[in-house]
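Structure provided below as structure tokens; questions to follow.
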Amino acid sequence: SGGGSYSDKPANNNKPAATKSIQIGKANIPVPRDQSVIVGQVEYTVFDSFNGMIPNGSPSGAGVELSTEPLFYLSFATGEMRPWLATEYKYNDDHTEVTFKFDPKAHWNDGQPLGAADFKFTVMLLKDRPDLFGGGGELKEFVKSIDVPDAQTAVVKMTKPAPRFHYNFISAIAGPPLGIMPEHIWKSQDPTKFKDNPPVHSGPYKLKQAIRNQKMFIWEKDPNYWNKDKLDVKPQYVVYQSTSKQLDQASLAFERAEFDVGSVDEQHAKQLRNTGYPALQTTQFHDPNPRVMWLNCDPSRGVISEPKMRWAINYCLDREKIGKSIWPVPVPAAQYPWADYKSNDKWKNDELANKYKFEFNPDKATQLLDEIAPKNAAGKRMYKGKEINLEIITPSPVDGGEYAIANVLKTDLAKVGVPATLRSLAGNVHDEKFQRGEYDIDSSWAGIAIDPEQLYSDWTSDKYQPIGKNAAGKNKLRYRNPKFDAISEKLAQLDPESEEAKPLLNQALEIYFQDLPMLSVIQTGYPSYFNTTFWKGWPTDDDLYEVPLNWWQHFIFVLGKIEPTGQKGPA
Amino acid sequence: MTADAPPAVAVDKSQDSAPISGVRAWLSRHPLAAYALRRFGLYLIELWGALTIAFFFFRLMPGDPIQTLIQTLQQNYIYNAQASAEIIARYKHEFGLDGNLLTQYVVYMQKLVLHGDLGPSLINYPTPAQTVILRALPWTIGLLGIASVLSWVLGVVIGAIAGWRRGKLGSSIATNLSIALSHVPYFFVALILVYIFAYSMGVLPARSAYDSNINPGISLAFIGSVLKYGLLPGLSIVIIGTFSWILSTRMLMVPILGEDYLVYAEAKGLKSWRILTRYALRNCYLPQITAFGISLGFIFNGNVLVEQLFNYPGLGTTLVTAIQQLDFNTILGVTDMAIFSVLTAVLLLDLLLPLLDPRVKYWK
Amino acid sequence: MKSELELRGVQQRFHARGVADGYITAVDDVSFKLLASPPQIVSLVGQSGSGKSTIARNVLGLQKPTAGSVLYGGKDIFKLNRAEYDAYRRDVQPVFQDPYAIFNPFYRVDRVLWKAVKKFKLASTRAAGLQLIEESLKAVRLEPENVLGRYPHQLSGGQRQRIMLARVHMLRPSFIIADEPVSMLDAQVRKHFLDILLDFQREHGMTTLFITHDLSTVYYLGGEVMVITKGEIVERGSVATVMHEPSHPYTKLLLDSIPQPDPDKRWTTRIQVDELEHLDDNTLGDATKPEAPII
Amino acid sequence: MPMRILRAVLRTIRNSRRLAMGLVILGVLVLVALFSPLIAKAIGGGQDPIELAAYDKWQVPGPSHLLGTDQFGRDVFAMVVKALAVSLQIGAIAGVISTVVGVIVAFVAGYKGGWIDNVLSTFTGILLVIPTFPLLIALSAYAKNVSLFQVGVMISIFAWPFAAKTIRSQVLSLRTRPYVDLARVSKARDLEIITTELLPNLLPFIGVGFASSALGAIFGLVGLEIIGLGPGGVIDLGQIIYSAISTGALTLGAWPMFVVPVGLLTLLFAALNMVNIGLEEVYNPRLRGVAGE
Amino acid sequence: MNDVPANVLEIKGLDVVYSTNRGDVQAVRGINLDVRRGEILGIAGESGSGKSTLAVALLRLLKAPGKVTGGSVIFNPAGRSPVDLLKVHGEELRVLRWSALSYLPQGSMSSLNPVMRVHDQFKDVIVEHAPDRKEAVGDMIPRLLTQVGLEPRVARMYPHELSGGMKQRVLMAIAVALEPDLVIADEPTTAMDVTIQRVILQSLADLRTDFGVTLMVISHDMGVHAQLVDRVAVMYEGQLVEVGDVRQVFKDPQDPYTRQLIESIPQVGRRAS
């Protein structure tokens, strides 16, 4: 077609000069530029509170992650599980008791020791306080009591087998479901009021300043950090700044090295690369959540509750086009409802995947549709005497990725005679419709899982809610299949990697492929963009030593690995 | 903005012949007091009405704020945080969402009127919404207040001159530019300004309200920094605001030019500048004062996106953040605040007007 | 029944803040009667603000008096049934003070005439209507081709006022309420106008209530006259009597203030404005003192 | 009556160059909008040029894509043409509704007077000070599956008080005009007086009300879209601008996505303003010949 | 007084045209007229005969679409050299205004700036044209007001607080503040009550006695002329049809139009036949 793309290389010189000089801009920060890593990321609203148990009690993505530590780290990049505050966990044979061992060196950033007592305090506090976020729930369901035989050992006695109990303390992505709180700080406080400001946490960084009017957090390296031997972070300061939502501004700031990590998009990055910008480093990484379509399986929603209909929709999904042209970076199609990490390969089953091959095939879709919803005289598809019309919703803004994906589906559905409406809904309006089941197709993401059963457990009949009733934390697909229920129940009692679990996982996967309550669409590519003007040694595609995302707790390992370039900041 | 006619002071033609009480007699002897009292009464009614309408609008909005909390939490922690019935009940009460709509209304108004309490903010729980708003308020008042007053003054003066010197090149340019640009939203201009001054020339900052190297306080450096950072957002409001005031002032000015007293002033052999300032301008700025009060509301609306664009820590940004998270109490609070400010400003202007304008007996 | 129009104790008060008791009384206890036959001309004279226009509005049913009543054929005009109301509208028609504002600038002037034709069913066909209109225009000495199809701003004040007369001519009401119809006209046109009114009385038997502040026109018209000041009628009688033997000092002053179009009859006395403003029986006695110190 | 209005309009246009120019620009924009499906078809040549991924994304302007393509590979020229139609439509819907409501309220309040006027004016005053942006969001979140028309209606809810206020004060001054009295003694009823005597004289004010509501609506829509509550499945000018902003099209060099819709909107404002000013010039005899430059 | 020319104003062949979209309207055609020093000259004529046009042309206040197309107007202010009023411009014209040539406008109701006190509207002419008398303003204003029969406190009032007659007299006082050579009064009493009209006419006559100004009084009311002026000029369709001593014109009109005009005046004592 036309004259090429905006971000193409300049036509006259094929090899852009990689020496193009960088015009360093003045970052609006109150600490020395060359000692700081600046993360330009999201909008923050909370600045003076670090209590995660009350609504908006704590900012996220603002660097709190650098001062908080889990018992274990699970890196999706390497598949490696790293013991951290705890050195190990151990279940008894029937999974009714689990013992955690704590690192004797660990202490809080106010110098007080950190150990089993804090663990017990945290778990017992939350177990009985369902009015606190993170309270009640699994803890209430499983935990009977905790013994602390010594300062480093906590033994959790459980009411029934719970082979996944330790998941609560693993930081797999942004943070663990449960963070340990210092007993000496919290025991005399009302957990619904206490702000924990400045936060007494553990971690290599301590809060130096939170500037509301600048939407900025400044974290300073803790000289007394307990685990310096294992992790010696290099930057003296890490500044989290909210960047502009306008990519023009963001990319210009990046170009001037006004931040080191964060919000640029692929298009601008490509432009920078093609014009020879020397300091941009792009690292590819997939989000643990593939983009998916949730399909409403409740019979009262009509045709969408037919597995054949769901397959017809599946045939209308042009995953290749979406992956190539719709998502901001080229991404592969997804067939499983989990990310294509190496560590997840063990849950795959290629045989089944081939048997239920996902392909874009409108003819097959038409065929299926003609079976269940033949066209009437007026050329309209009818199901049980009613014209069909699908309602697609998405929480993504108009022209956001998920919206665009749904838009492609909508166009292709129209071509096989299935009309649909597509609506982008604001945050909680979407959630409410979604949770009440007032939709046919929801274009969003899967929800993450360390093993498939974690996902499946939300699809069982006991979590079913009728349309109109809120199914938050329950079965939002309104999927019901007794066979599937039975398998899921068994799986819940088993270590997912055990031999008994394997056939059950395969059976569950096959039922999933047959019924398709959820359509995985693409793997979610989220490249990270790093500026190498002030710091080098960021994770790269070739050396992905750690998850590159800056809003994950794992970012401290990146901070431990990078080195200053010696570049001085502007006057 | 279009040239608003000054509020027509309706001639009351009612002919009731009720006996005249003592208060009434006193009031008819003190017309200015009576006018002020009546105007204040109207103010209270309007305030109450607007606050009530706003309240019911937001309460009828679908979407449960408690669900929003959980959603926020889920985004923070990814794992499904289960919202127990206890959590929902507790926060429903805290956010004033328990009971039927009427009770909620009564409780809300009671708290608002008696304690100035807007309830806890959701985005800054448990900070009360009024604290969140009061934190943002000085920035908005500073930015918006200065910018809108400045654009009013500039617009009225330039508009008057444009009307006065109609037919001249400068006046034609001003007029035609105003015709083209007076309704352009502020953020268009903001974007262009940012592009020129912040990106291309790099002379002015594109974001935030002051240099974070400087500690906020009453220091010269800080004030300088605030001015520097406020220049672009302020300018975008001033430019468009000025254009619309130019247009409406000019429209007011042109008929004034045909007035006998201007011909008379000319016959008196007065200098042209004196005629403009003492005769023409004096007669057209008064209706513009009323218009200014009404325009404050519109400016507020337009300002929201500008603040957002510049990441300015004012009410607009607070509002957008609140809207994105459906923080009921804060959205309603900002709305209430805007209503209150606009109404109060209009009230003050209306009370001021009889003192400035000898023509109309407002109390008649 | 050939009708009669009667004002009985009409009082009109207006709400006015800033006045001592909150009201101003524009018309106070005014009673008079207009008879359709024999056709008569009754003039109402008084200075500006004395309540003349208010009375006209009361009579025309445009303003309900605060007290008293306006009776048409013995019935209160605000309590008429439909048929009676139609008859009343048909019978009582105005010629208004201001010839400029009486026309809606949006329309051509003939609309006023066509409206009258349609509303009062004066003609059944368009041609008949047009004929009627042309006749009436000619009756008020206007050339139809000069007026029809024009917009109000294209006509002179005199022309416009004559169109209003043509309208009345067409409608042939029993009563014409003419509120200062000549104040804006110059002498020649004014004379025309007055002649037309007289003509209406003689030829078509219309009774006119003629409102003015100019006694010379009253004199020209003859008939009855009522003198009004501060909302009250202070003197009434035949023009000849009132003009030649004015009994109320106010009438005398009015008479005296007419500039005589004769350079040899210049005023020899002076009056003072502030005295005019507090005009009442006491001060009026010496309002016209000869050779009073210059203003 | 319609003929008369038409004639009045023609007379009016003859009298003001500015009015004529505004109408010509408006006319051209409306024509483009009317023919937008055909234009889009011609651009696509068999294919829908604004279907997602119809072409390669981010193409620079060239012979095959006059204004290039956007982040989803849609032809920007076709998008702009279609969006113009949508923007005009929403402006017309909201303009008509709010003008009609505003005029009715203004006439009832201004002509009837008394307590009706007090109640209506107070209510108008109240709605006037409520900041519309948050309420608009609330409303559009409330209405499920909003269509373009519904958004228009929602925007009108907050746009009419402005029109009502301006027009009411005019009615107040007009209703004491002698020609209203003349109509009354000619047995005209209230409704007739309002429609035939008062309404035509208020055309310029109604025009102003219409224009500001229409412009308000076009921008209200942009605001709604920015937070994702716009009507589904349609693209309007504001949305293209928004998407240019959010994708950073300016720094990419994709200026048509920003400049062309902004230019079109500015042209639209200018045209509406010219019509307004032209009308005022023509209808206010004092401005006649004076305002022209 | 000997060296002062006897005529304040000499109008020769004055033509004024209004261009309209239906062709030009010649509102004033070839007027020749002298105004003698110290006299009160009346301009009579029916509505639309061009009286106001003549006045604004003399005052140089003619606005588009009006245009002077011919003639000259020689103005002889005392103590200054004669000028052709149609040829002076800018500053020269501005200086001439008020101190030599002032104006009593027709619409007294709207000629005063509604938002300025009477005092200030006096003051600005004095400040503008006679800065040396600035200090005396405090005495001057009350004196002038008293002379037109108003109380000094009127100076502190706003125009809307005055009645029509009072406004007209304020304007009169302002008109003579700088003792100009010529005052042109356009319909000073139209739309006024007969009683007020009488008072105003009396005051106008006093202006000449007290200030020695020359007055040109425009009115369509022949009664006004009969009562006030020394000489009267009658206009008809833009032309001057007759000029003469007021007695002569009334008793023995030469022009048929003038005769018609005088005959059609309704008078007490003359009835319709």
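A, B, C, D and E are the chain letters, set down in written order, and residue numbers restart from 1 in every chain.
The rule is short, and it goes like this: a contact is a pair of C-beta atoms (placed from the backbone, for glycine too) under 8 Å apart; a residue touches a chain by one contact, two chains touch by 3 or more.
Everything quoted here is computed from the prediction, not taken from an experiment.
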Walk from chain C over to chain E along touching chains and report the minimum step count. 1
C-D versus A-D: which interface comes out with more C-beta contact pairs? A-D
Measuring between Cα centroids, what's the chain most distant from chain C? A
Let me have the rounded angstrom distance from the C-alpha centre of chain B over to the C-alpha centre of chain E, please. 51
Distance from the CA centroid of chain A to that of chain E, rounded to the nearest Å? 90
Distance between the centres, which are taken as Cα means, of chain D and chain B, whole angstrom: 23
Where chain C touches two or more other chains at once, by residue number: none
Where in chain A do residues touch at least two different other chains? 245-246, 248-249, 252, 426, 429
Chain D: positions in contact with at least two other chains: 137, 141, 227, 245, 250-251
List of chain A residues in touch with chain D within their complex: 1-7, 245-252, 265, 267-268, 271, 321, 324-326, 328, 391, 396-400, 404, 407-408, 411, 421-426, 429
Can you check the complex and tell me which residues of chain C touch chain E? 47-48, 156-158, 183, 185-191, 194-195, 198, 213-217, 219-222, 243, 253-267, 270-273, 276-277, 294-295
List the residues on chain B that touch chain E in their complex, please. 259-261, 263-271, 274, 278-279, 282-283, 286, 357-359, 361
Flag every residue of chain E that touches chain C in the complex, lowest number first. 46-48, 148-149, 163, 165-166, 191-199, 201-203, 206, 220-227, 246-247, 250, 260-262, 264-272
Of all residues in chain C, which touch chain D in the complex? 57, 60-62, 86, 89, 92-94, 96-98, 101-107, 112, 115-116, 119-120, 153
